[in-house]
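Chain lettering (A, B, C, D and E) follows the sequence in which the chains are written, and residue indices restart at 1 in each chain.
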Amino acid sequence: MWQQIISGLQAGSWYSLMALAIVLVLKATDVPNFAMAELGLFPAFCTWALIDGAQLSWWVAVPIGLLIGIALSVVVERTAIRPILAENHFATVLMTIAVFVVINAVVQLVWGSEPRKIDSPFAGSFTVAGQIVAYEQLVSIAAGLAVMVGLILFFRTPLGVQMQAIAEDRVTPRLLGVSVTTVFRTSWALAGAIATIALLLQGQASLLTDQNGSGLLIKGFVAATLGGFSSITGAFVGGLALGVAENLAGAYISTSSKTAIALLAIVVVLSIKPQGLFGRHQVREV
Amino acid sequence: MLLSIRELTSGYGRIPVLRGVDLDVAEGEIVALLGVNGAGKSTTLRAVSGVLPTWSGTVSFDGTTLGRRTPEARARLGLGHVPEGRGILSSLTVRQNLRLGATARGRGARDVAQDEERLLEVFDALRDKLGAPAGSLSGGQQQMLAVARALIGRPRLVMVDEMSFGLAPILVTQLLGLVARLRAESGTAFLLVEQHSAVLDIADRAYVLSGGAVHTSGPAHELAQSENLVRAYLG
Amino acid sequence: MNTLELSGIAVRFGGNEVLKGVDLAIGPGFTGLIGPNGAGKTTVFNVVTGYVRPVEGTVRIAGEPVPSGRPAVVARRGVRRTFQTPRLVAELTVEANVLAGLDAEVARGGGLADFLGVSRAARAARERVRELLDAFGLADRAAEPVGNLPLGSQKIVEVARALAPRPRIVLLDEPAAGLSAADVDRMVAPLAEIGARDELSILIIEHDLELVSRLCPRVAALHFGRILADGTPAEVVAHPDVVKAYLGAGVATVDT
Amino acid sequence: MRRLPLPAPWRIAGAAGALAAALVLLALPGLVNPYLLFQACLVMVTATAGLGLVLIMGWSGQIALSQAGFLGVGAYATTFLVGQGWAWPVATLTAGLVAALFGVLIGLPATRLRGFYLAIATLAFAELMIRVFVEATPITGGIAGTAVQPMVLPGLDVDGSRWYLCLGVAALTTAVVMRIGRVGLGRRLRVVRDAEIAAPSLGVSPTRTKLLAFALSAFIGGIAGALYAQCLSYLTPEIFDMGLLIEFLVVAFLGGVGYVAGPFLGAVVVVVLRDLLQDLGSWQRLVYGLILALAIAFLPRGLASLPARLRARRPAPPASEPPPVSGQADLTGAAR
Amino acid sequence: AAPAGGDAAAAAVQGVTDDTFTIGTTLPLSGGAATSGKGFEAGLKAAVKEINDKGGLRGRQVNLVVLDDGFEAARSVANIRRLGDQEKVFAVVSPAGSANIPGSYPYLAQKGMPLFAPVLPPDPKQDSVFLLGTSQRDQARVIVDFLAGKGVKKVAVIGQDNELGHAIRDGVKEEAATVGVEVVANETTEPNSTEVSSAVLKVREAKPDAIVLGTDNTQSALIMKAVDELGWEPAIMGTSSTVTTGSAGTVGPAGAAAKGIYGTFISELPTSESPEAVAWRTVQQAVAPDQVGSAYALQAYASTKIFFEIVTRMGDDLTWANFQKTAESLKGHESGIYPPITFGPAADGGHVGTTGAKVAEWDGSAWKLVSEDWLEPGKIVS
């Protein structure tokens, strides 16, 4: 069982990271970003190309990959999202779907559909109490934790508060001097970096394919929901819970229904706590 | 002139609302903007703060022509706007709302804390609620928060859209007193859209807007004498 | 006879006791409810209309207790309200927004009949709406999306929507806030007339004391969740606690 | 769709145009090859499913990502019932009702959930439905799938029958949905969307209205599913996965949520685009994505908003960032 | 140009003119299965180039229409209709996407147009459908026979939750029962997911001697890696669709973890030195050099060549009826790439071309044949 929990935590931390990226964009721009995972997929492939093709060291390639992730997100935000942000939500959602299609198509055109292996310095494993733990697993979980703590601190800063303000109302904060440009750019840049981390971790622990994004995206959304969309801690815990729940469901009930069971669990959680596990209660409206 | 509006036209989508508004606010002046519903008062403020585009005409603030500057750029120049409907960010706490107001001028944390303290002396009802989500405040409390939030940024001109909206008489008196005091202490100018007659007690001058253009203007005490005007526009 | 009776209503939000035993009974005609900001006036409305469940006390409509926390049930018993900030459908026309006040009745008259265009209730509803829009001077903007109207007019639309189904009890939450004197008149005159004609019991929260004394023969003042004074406008306004907590120095400007 | 009153000559031209379009549609089997006719059927089916989305997402503001699941329910149920010897129309209506029942079932949590929470719950439902399709082998044939018996109208061949069925159902659904938009129910849906708080004070129960919206859109989805089965001839659970859902979202959003014409425009564009882009080989997905992005950039409210947009051309320069428009369903209501 | 021939029967023929002959296919060129789609496309193109360079199909230049279906059911159904009604091809050759293909059977039956060598659906027993390439189920049976021959007593299956996984699972179950091997675990993974650990961990608890894979290339590689990381060493074996196709789709990314795994080949190895395979590599090199190692390409090439062979044998009667007749006359046809092909209709209808497979082992750098002969299911080899 511990073995299942450990690998559940590993997958869960990828879900968590994706959920954090989603929540970040949502908190600032109020956009459910269907392209979030692809924004990490492309830089992850670039990183692979740098390591495998250009023979760069992992330690050099990954920072470059992160920069590419940031740049890509910023460009997408500026060119595709911001011009239509004033319109209704449906337009922005559809735009993120379009961006998803475009990036995925580019990845397929450039790299094809074959799975790729990212060579990371964290190969190998050790044994504790009869359980085999891969270093890769520790790296994933630690990275998730670090990003979560970083974001919690970030949201306490004035810029973090401005982000939440803009998410709620796109006009009033501007009257107070909040720059939407800065807020949007920062949040997308951060989210792009986080998504890149998620895809890289997943890619190097398993394999990198052009399909990795879509699977992770759904899990990220589910994790964010489970945790209560507005909460950073919630998104993180939601991801871990989802990963572990899936694996345990696979172990004890049936591997063919593990996602179904995890989803059922979510429906149940939401029926009891409509704001997710960590969601704040709706404030008065009347 | 701190704010000077010339021949301003603007509107929503394709629908024109302002048809050439001329209006001035001098440094340290309190100006009242009156008019029936739909006269275009809120629209004027929105065009000045940049929420609505200027179709034609000019708006200049402290000698700078505002043109197509963004609302946040205008706010940084020292132009405050408490919008109609208050614009309280209900998911943030009362304190976060308040401090957000300090964004515009980028002032030091100590200054902001001092100002916060001073404002809380006036808006005492907010003190207990600083940590609460702003959405849980009563209507009047939200109004106080909106005004306080604009003032904490120490703007040079504050435009307030219906400050007395939903406030108990005692608070209206207090707030108008505060406006007069702030002007006296720090030379802040005010452009007040009001329905409440007491506004003419503290205003230097007043404009009456009608059908998207200025209908009458003059010193506030003179307009206050006009029985008809007060009956028509003020409660 | 009293159409609406509140007895011993207490409300708590978290640790915050917002209403501490409110007793209030109103009959046909206008009754004013005043009080400082945060006194709990809106909360009283919320309790009556079922939006907030009191921890103690009962609400009776025409002598019958109403279940708490069931706003739709209360509405069907003939209670309508407006909101401190208008809650309209911006995209729908003025006419459709007022019609929405009658949709529950139209639905009761048969959804299928309405769908097929043969509903008598639906026809009557359109008739009634036209009448109301005329009365409130909104007829010329009837076909415009309500979101295009200035806030003041939106408030009037909301009042019309509340009156549409000829309710027994109407609760108006600061209907005149933000209205210029001329617009107040535009709203108040038809309101007074319809109120009298339909024998409505109208409870009105308002900070505009001039308006309150004009409309309401009786006023209750709420302070910190308790009824502080209850009587004619003159009596209430003269009450020293009301002066202290609510009116302040500005009291002189109120003529009674 | 709201219409400004048109001057008389325009009206006549409009009516003539509509009549001509109707005639072309009726005569379509004689005008195009069977493949194009088949594509036209797909357009009608997709648009019909999209009409369900107009109702639930556009009007009632509920983000329901379960439409693909409802299609599956309708498709499998009809196929199964026809296999049991039921007449096709009866089977289809029953399948619609079954889908509506599922709609109410998934609508139940919806009465408590908002925004994203609802989206995810409904998505979970759609995934669970796929599980059910896989497991319910006696009815669905499981993973291996099940063949669909073609419905043939008297005097017509298979292709012609399919077309008239799809066309007829799409037309009927359009009429019904348009009518709903104009009567009390349409208003109630929008009240629940934009002023949910106020709804109960008007005697309108948000719960019941939402459930009704779910039931109706699921019913429409179920019927669309029965027709989709006719197009596909063979059903496997994978057909009703995320991909189909995304397709519906694209069709609905691209066409313009809230416009009855929206799903039709969206469906035509998506189906035709796919067909035209075939020549581009492996570049087609990229081009498809780019075209989609450009379409949204220029017509953010959907293709159906084009006439309104042309009418609304105004001389004044646009604001650098105009304030957001209210009155649209809030996808992230829960976040606030 | 006018349709070939002059009599009434020939008037129904489509896709054939005096100097051209048109065939078409639908493939997943985008989406999750694009690797296979691209491989098939390359192989088809190679066969077409080869025949056109030799002067065409009995003097007619062959046109190939390739449509992308993104591995989506509705698109694949639409594509086959487009090929039949708009592109007017003579036949659909070597399309991929087993789960999507059955949606076209009623259409094909009604029209009579041949569907030649679709990728490994179960036998539909349709007059116009010709299966080529040993089915997943038969391959799974060969696998169990092979493992039993090696002394394996307990096997486990990890299969995807789709047609592929189910076909292999069924084959294993069927054969295990007859040869007395116990199926100790049967776990499922989700298509397009990289999460395989829970299935692997669960299978390990059952302590099988061997694992049979019913998963796509990526997941198969992931499973090999996961097993390797646990320091566990069961025999691992998969089919053409799970481990042995793709240029390096499975064994490449699995790296060292793939060493020692077994797989079935339904055609000769892409590296085979048989003259036909050498010929393929030459033309493939000219058409799409990156696909020279792909078994997908080799299979599509071989299928298309056999299709051309049948058409050549048809003589001047280029009707669909004659196509069926000529195809059915193939008995033990040696293609040099596939096992002997017999399309003769079985008693209950249907055209299954081949049933055998070869077993190979990955030695860390290349596939090495373990069996030189084609192994038929139902025969234990030792």
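Odds and ends about this structure:
One rule holds for everything that comes next: a contact is a pair of C-beta atoms (placed from the backbone, for glycine too) under 8 Å apart; a residue touches a chain by one contact, two chains touch by 3 or more.
Just so you know, these numbers come straight off a predicted model, no measurement behind them.
Path length between subunit A and subunit B in the chain contact graph, taken as the least number of steps between touching chains: 1. Looking at the partners of subunit A and subunit E together, the chains they share are D. With centres set at the average Cα position, the gap from subunit B to subunit C is 29 Å.
Distance between subunit B and subunit D, defined via averaged C-alpha coordinates, is recorded as 47 Å.
We define each chain's centre as the mean of its Cα atoms; on that basis subunit B and subunit E are separated by 74 Å.
Contact of a single residue of subunit C with at least two other chains is seen at positions 42, 51, 83.
Contact of a single residue of subunit E with at least two other chains is seen at positions 30, 34, 38, 161. Contacts with at least two other chains are made by residues 134, 197, 282, 285, 321-323, 335-336 of subunit D.
Considering their complex, residues 29-30, 34, 38, 66-68, 70, 72-75, 77-78, 81-82, 84-86, 99-100, 102-107, 110, 122, 161-163, 165-166, 191 of subunit E touch subunit D.
Residues of subunit A touching subunit B in their complex: 158, 161-162, 164-165, 168-169, 171-180, 230, 280, 283-285. By the touch criterion stated above, subunit A contacts subunit E in their complex at residues 3-4, 7-8, 10-11, 105, 108, 112-117, 125, 132, 134, 202, 206-207, 209-212, 214-215, 246-247, 250-251, 254-256, 258-259. Note for the complex: subunit B touches subunit C at residues 12, 15, 34-38, 42, 84-85, 125, 136-141, 143-144, 162, 164-174, 195, 197-198, 230-235. If you check the complex, the residues on subunit B that touch subunit A are 49-51, 70-72, 75-76, 80-81, 83, 87, 89-92, 96, 99-101, 103-105, 133, 135-136, 149-150, 153.
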